[in-house]
Every structure is written in structure tokens, then in C-alpha cells.
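Across the two complexes that follow, chain A remains constant while its partner is chain B and subsequently chain C.
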Partner chain A sequence: MNMSIKRINAIFQKDFKDFSRNSAVSVTILFPLIMAFIYKNMDTVTLDTYYLLFNMSFAIIATFIQCCLIAEEKEKNTLRGLMLSPASTTEILAGKSLLTFTVTVIALGLTAWIAGYEPTNMFIITAALGLSTLFYIAVGTLLGLLANSVMEASVIVLPVLGIFSFGSFGLAFAEKYPILQALEYLPSSQLIELARKVEEGAALSTVWPQFAVIAIWIAVAIAATIIVYRKRMVD
Partner chain B sequence: MTLIFNKAEKQFSDVIVFPAFDLTLTQGQTIAIHCSVNIRQQLMEILTCRSTLSAGDIKVSEKRLSKKMDLLGFLFLEGGMYERLTVGETLRFYHGLFTSGISPQHALELMQLEGRQRVKVMKLNHSEKKRLQMACILLKDPKVFILEEPDQNLDNESKRIYLHALEELQNHGKSILLLTGNLESAVTLGTKVYRLDDKGLQEMDVSEEQEEVQTEEKEVEQVSAQPIRFEKIPTRVNEKIVLFDPPEIDYIESTDGQSLLHIKGEAFPSFFTLTDLEERLLLFGFFRCHRSYIVNLQKVREVITWTKNSYSLVLDDANKTQIPLSKTKMASLKEMLGLK
Partner chain C sequence: MENIIEVKDITKVYGNQTAVEGVSFHIKKGEIFGFLGPSGSGKTTMIKMLTGQLKPTSGTANVFGEDLANLKKPSAKKRFGVLTDNSGLYGRLSIHENLKLYCNLYDVPESTIEEVLAAVNLQNEKKKKVSALSKGMTQRVTLARTLLHAPDLLFLDEPTSALDPVNTRHIYDGLRALNAKGTTIFLTTHDMEEADLLCDRVAFLNKGHIQLLDAPDRLKKQHSDQTITVELLTEEKVVLPAGAEGAERLHEWMKTGQIATIHSNEPSLGDIFVQVTGRVLA
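On to the complex of A and B.
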């Protein structure tokens, strides 16, 4: 096996064991599942409800877990040891992102299954959700670099939850306050827009603008992460 | 395979942390640097590339220091561990991370943690955590080990395991650099001891000389024939002179040519050199157990044998102070105790 893959694998396995035993963090994956169960039994579930659940899962699972994984390494003084090991920063982050990605995808799948969401075009929706997950992981990495402890991580993740998960609600007031029109370009709003088009029977060729906007968000998040990383390393 | 400090010096604005010094650590050598907390932290930061030297450089095998140095292994005083993993899982993780030839089993055996394999790190006591930390560094298999206060707050069992492991490493041609503020630890663990302070780096004379011991033994016989004289030991406390009865003294330590009398956990600088004090105190049951130490034998509770060549005396005071006992002095101590 390639050395680099071996190291990523070691970090992934270590983080998986650590994560599964850290109930304070791992319990968050139950939250969207319970919400999905409640919504399903309440009334007729609309497309917006599904995506409220998904967008919430992104913030409290992908972003929060990624942020905690990095912040805890700093808090417990273990990051220094990792940085002095042959593993590069990319490998360390890849191992962690791999775990967050896996956990998020499983949680999303379970949420969709419990809520009973069946998209018309499975391929496009899976791709869109996967791409969105990458964006939220990048945001989580960025916040993880800023937070110094798990405690801070759980606070710092709240604005993400507010802006990205519930931001699309602001569109309802867009007529009164034209500035809120900008919320349309949030990745969460774009995801809902994409899902709506898919339900109307759109093919990949008509939803590419949504994919493009989400891709731009990913690029911006990764660029910000790299800038913050460089700056923090100089300190 | 060497670690070379070349005119390395560090300053903070106007304050000199340590002036330029040269030091060469060759293969299979163990060097201890006795220094203050401040200098120790600075050195660790410089060696891990988190900080830079004001002047001079440090080379490892002709290469400049860099962040990803496979040749160096660091044991930090405040090294963190993954608390929720078990001992076995931790070692397997580092094995995967370092991808070295050392097996986790070997590291486990060397640090004697076999029985704790399935125990979570958070359940280990401090000494066991320190042993696990060392086991993780062993898995990296570096050429040079840099240890920061390795035996601070360790129990005796763990200290013995550490000493044994360091000896083993040395036999395998590894170099070891110890940074410690505890002279006893520096003398017990290191084969060469240096002192680094704002005046520079000085080698401390801890080598053992067979001849001196022999002449000393003759002295013992001569002196013991003389009648007991009145004797108090003067020390300097601020501007005052304080006299102590010899039986009050626990032990005397020599640092930087200055002898320090240790009495009930406090240190008092003395006017005399260690050799003078030794002469004056022989009659009161004091014993020169090391080049840098005189101990009051009345206060010794225990003699610990770490390895074949390394011993310590444990005193009967509140801190259970440990004092190094050199190999050659061990023989004369045994004689004095009537063993052999």
C-alpha cells in the first residue's frame, strides 16, 4: 500500500475509534434522525422540510464534527505530535475529512430513509448532496483552525447553522427587503432550487448553474482555509 | 549521525536566553543538559522549528533542521495522548503513522506495558502515560531522541524502565539528548552532563575516577583515628551567616562550583567546596556518593539499583529525594556498610 494512503488510513481509523467513543460529539448525528422521525409523523412532508433536515445535518454533522476533530487535537496537545510525524498536513486533514464525509453521508442517507424522501433523479441528488458535504467539511476545517477547544467549536459552529441552514428562510422576506435576494446564492438555497428542478424532471444540463454555485462556494471555503492555515502557522 | 549545535544562541530583545555554544552529539551518546525551565522551553521550540535561533545553526547529519525530521524524535513534557483509545490502539495508530520497522509489540515490551494493552489511556496513571508516550516515540525509530524532563514525577518502577530503555537505545547506536532542570535526573540518565545558563554551556564534571576513590578510602582510615571535634557548617543566607549542625543536613550538592546544603527541602549556599566539606563532615557519617554530591548516610533509607551501572540513594525526608550514586562509590559504600 502507498505510504500516504497508509497514513491517511491510520488517521481515519484512529479518529473513527476516538469519535465513536466521544459521546458528546457523536450524539449529534442522532439529532437529524429524531427530527426526521418527528416530521414524518406530524403532517405531509414537503420538499422544503426534507431540505431543512439536510441543511441542518450538514451544519451540525459535517461542520461540527470536522471542527471538533481538529479543535480537540489542539486542545489535548496531540496536534504537535502529528505535525512532527511524517504525515503531511494534507494527509492529516484528508484522514479527518474522510471520517466526517463517511459519517455525514450515512446520516443523510438514514435521514432521507426515515423521512421517506425519494428523489426522481437519484444520481443528480446524490452528487449535489455529496458536493454540499464537501463544502461544509471545508467550513468545518476552517473553523477547526480557529477554535482551540471542543467547547469553542460548539459555539463557533452556531453562525454556520444560522446562516447556511436557516438562511434560505430569509428568502420569504425578499420582497420587502430586496437585499435578502442575495440569500438565493447560499449553497443551501441553491440545493433546494436544484431539488425543485429535479422534481420537475430536469436533467443534468438544466441544473448545472446550481452545481457551479456550490462549486464556487467550495473553492472559496478551501481558499479561506488555506489562508487561515498559513497565517496560523506563522504565529 | 550527529546533532551539532554550532554557535547557537538565543536572545529576546535585549535579554540573552543563552549565549553562543557549541555542542556535538555523536552516535550512541547520551548527553544531558541541565538548564532552567525557560531555556528548556526555548530549546524545544527551536528544535521543533517553532522558533528560530538568533544566531548560529543546528545541523542533523549535515542537514539543517526542518519540520518533518524523521531523524529526530521528541518526547514532550506536555505531550498529549488520545485519551479514549486503548494502549494497544494508540500504538497501532502510531505504527501506521510512522510506518517504521519497529513493531508495536517490541515497544510495548520495552516500556513494560503488555498488561495494560486493553486499558484506555485515560485510565492510566501519570507514569504509565509517560511510558506509553515513550513507546510511541520508539515506533518512530528516530536516530536522535530528544527528551524533555523524561522522569519528572515518575514512580521508581517507571524510572527504572526508562533507564533500561535508554540504555537499550544507546546500545543500538541511538543518540539521546536530555533537557532537564533536575540535576539528579541529568546525572543519573546522562553519560555527559552539561549546564546551560545565561553564562553559556559548561561541562559538569561527573566522570568517575578510580584513583580518587582509592586515596579517599585511605583518608577514611586516617581520619577515623582522630578524636571528634566541634563542628558547625556556616552558610550564607542573604547577608547573614547561618550555622548548621551536620546531622541537620540531608545532602550537599555542587552546581557551578558552588556547594548547596539541602536542609529540610531548602538549599543554602555554603562557603566551602565540596572537597573541603567532605573532609570536615566525614566524621559525622557523610559520604561522597558522587562527584557532585555528599550525602548524610544517617538520612539514607534506600539504595535503588536502576541498571547494572546506575544507582540512586533515596533519603528519608518528606520528598523522598533521590541522589545519584556513582558506580565506583557503590563499591566503597558497600564496604562501609559491611557488605562484602
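On to the complex of A and C.
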């Protein structure tokens, strides 16, 4: 498969200019940072606190912003222009995801810095956060393709944000409601589990099941996104 | 002459609704071909099929000699352009920024932007945000975007709907200039005057079927009632048969200098459409 970096970069640059002039959406990147300041000043900051902030960043930045960017392209009929151009499906989706990926990674870094999170194994945690970012971007893309407008996108994204950001809290009730045990397999729960193991000194060979579960979520989300995109292209 | 588009017995069905049924036609290189019909007659469906956005339910079609499935290749996409009345431009970006994106997508030099903006008379407006433009200017930017990669084939879907006469004229001039350079144009419209002005051949589409296909002039001659209307200096209007009987009376009035105007009574394309389909265009 031939990929044109020039075309991906063209879409990224366009998105960057468009995003920087769209204060209604771009201002959302401040939210996790403000929350990080608030949590930093709490009496006890646990690992769960850091990952609450990270999962919030994923939901609000990676998923919400991506969802809005895609939904706006659809609403304004600009996605059709990209689809009819020589850019391939992969180039369009990569170009459209690059801005959100960059912004999310920067926000995660700033959130960790503000909150004072210093993981024991930076390499594993960076890889896990990077992979999780891909998953949340894929979910945002999928929702954006399903929505018919930015307004609709900002509504349909809410339940998904709830499940993936705060779903891991449901595990506290798993003894009473065994069905909630399934929440253990959410990418957010897996990320927290991975971070816990890393803090206990686990190496990459120990945390591979968490990576595998997150990778499966990514594969499913990307496959669903490509199917919906191709269906939308011929609708 | 080489055919750019060949369509054979193509049908498109959505659920239990047939949008296009058993349609066949071809378009020669360099031709302006009009696909005419009222709203919902299947015009946009045909463009979507011919640009790879929709799969036909049955039948075959070739564009540039390639099957429709091959139109998704970047090399094929570089050879055609699509202009609709829905601009698809980025409102927060300037005209120049919008065109720069497409220069990079189509791999054409940025210097082309100046040329295409000059062609649509917008060279002094390039820093303006698209959201601040009038409908007419926006449509000219969309045309400029289409001109960037100098397509061999241009699909136009109701390109001048909702435009005022001045902007419509700008678009027509741009299209004629493009056609003069060799671009083949596939135009869908319900505006019969537009089709008459621009098209070499037209097809009348009604309820998913082609009901007539020919050059506008030939259609008008074929459906003419073979009469002429003579207006005399007395302001009396007389309809004469175009044969020998009419010639005698005409000769007499000409000798005596009584004629103010003479008009042949061929029908407009709109009249012919109504005659053939029994439907009014809207």
C-alpha cells in the first residue's frame, strides 16, 4: 500500500489551522489540565487519581475532539471533497487523526507533569498511553462518522465517554453485581491494571496481557471505523 | 472520437425504489453532455455512480476506459473533478488555504492557485475567509478548486442553482474556457436554458429512464411545428407554415415592407421535455 506523507501532512496542516480557529472545540484541551491542578492540591494523590485524569483526557480530547472534527467534515460536506481527491482511505483517516493524536499526547504529558506523576517504567507507560490514545481516537472517528452533525456528535459521544472513562469505577460493585466483572476488560481498566503492575516493578513480559487486550480494542475500533467509512463513501 | 464515458444498461435501486433503470449512453472526449431532468429523476445518482461513490445495482460503465471499481485509484481520481452546488470548502480557512490543501492532495504546484483565481476573477480576494464570501463567490472558489488539477473530465451537479445571473455568467465563462482546453464536461441540471447554452448533446432523464438523447439544435428542429411567426408593422402577429403557402404571403409582405420581425417557432428544450415526458421541470 502506497501512502503519501505529503497528503497526510496536508490534511494535518489544514486541521491544525481549522482547529486553532475553532475555540468552541479547542478550549476543551484545557479541561484535563485544570483538573490536574485541582487534583494536585488534594491531600492524597493515588495512582487511580492520575489515571482518572488520563482517562478523562482520552475521553475529552482524543474521542470528543476527533468526533467533532469528523462530524464537522461530514456536516459541511468537506469529507466528500477529501474522499473524491486522490487521498486514500488510510491517508484521510491518518491525516484526520494526526492532529488529535498530537494534541492528546501533549495534554497527557502536561497533565502528568502538573499532577506530578512519575511512573517507575516510563517506556511501558508511554507505550500504553500511546496505544490507548489510538483506541480513543478510533472511537471518536467512528462516532463522528455515525453522527450527522457536530451537535449530534457532541450528544452521542457522552455515553461512550461515560463507559470508557468511568467504567472502571463499576468494578467496585462487581461482587454485588457479577456482570460488572466484564468492566475489567475495558481499555481504561486494563490501563490502570497495567500501571499498578508497573508500580509493583513488573516488566514488559508481565504486562503483555494488558497490552494485548488494549490492542484487541484498537483492532476492533479501527475495523469498525473503516467499515463505516467505506459504507459512508458509497452512500 | 474516443469515448470518455460508456454506460451500458445501468440500474440503481435503493431499497424498493429504482433511481436509474436500464440507462445507456456514451460521452465523447471534449464534449459537454447534459443530463437533464427534474429533481429526483436520478441525475445525482448517475454522477455518484460514475465517480465511484455509489455501486450500480446492475449494468456496466467505463470511465477513461476503466471499470468504475478502478476509479478509487489516485491516478484515476486525478483525472476527474466534481463541482456541486454544495461547496465543500472550509469556512474558517481563507480561499488560499483551501486551495493550498487541494494543491497538496492533487500534487500540483502552489503557483497554480494564482492562475485559477485569476480565471474566476478572485485574485484579489485570496486572503478572505470562505465563511465571509457570498454564495456566488463561494461557488467561484469551488470552480477554482476544480480547475487546480486541470481534470480531463468534470462532473457538474446543478452548478449554478441559487446563483444570480452575473455569477452564473462567470461560471459559464469558466466552464467554456475549460472545455476549450479539452476538458469533457458532464452536466446535470434542471435548467433547460443552461443546457441549451452549454451542451453539445443532452439526455432527458425521466423517472430513471433516458427518454431522448441528441444535440439541442436537432431536438428543436425535430420537435418544431414547422411554422414561423411574423410580426407586421401594424403589430399584428401571424403564424405561417414554413412551406410554399407561407412563402407567398411572406414574399408579399416583404415586397411591401410590412414586416417588423420574423421568428421561427422551434420549441425550447423545456417545451420538448414537457411534450415528451408530460412532466414540468422543477
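We take it that the second predicted complex is superposed on the first by the 229 of 235 C-alpha atoms of A that agree within 3 Å, B and C clash if a C-alpha of one lies under 4 Å from a C-alpha of the other, contacts with A are read in each partner's own complex, and residues count from 1 in each chain.
We adopt the following convention: a residue touches a chain if its C-beta (ideal position, glycine included) is under 8 Å from a C-beta of that chain, and two chains touch if they have at least 3 such contacts.
Owing to the predicted nature of the structure, the values given are computational and were not obtained by experimental measurement.
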Clash or fit, chain B versus chain C on superposed chain A: clash
Contacts of A:22 with chain B and chain C, given as first, second, both or neither: both
A:81 touches, of chain B and chain C: first, second, both or neither? both
Touched partner set for A:14, first chain B, second chain C, both or neither: both
First (chain B), second (chain C), both or neither touched by A:231: neither
Touched partner set for A:6, first chain B, second chain C, both or neither: both
Touching both chain B and chain C, residues of chain A: 6-7, 9-11, 13-14, 17-18, 21-22, 76-78, 80-88
Contacting residues of chain B [partner chain A, same complex]: 48, 67-70, 74, 76, 78-85, 89, 92-99, 136, 140
Touch list for chain C against partner chain A, complex: 51, 53-55, 72, 74-75, 77-78, 82, 86-93, 97, 100-102, 104-107, 145
In the complex, chain A residues that touch chain C: 4, 6-7, 9-11, 13-14, 17-18, 21-22, 76-78, 80-88, 233-235
Of chain A, residues touching chain B in the complex: 3, 6-7, 9-11, 13-14, 17-18, 21-22, 76-78, 80-88
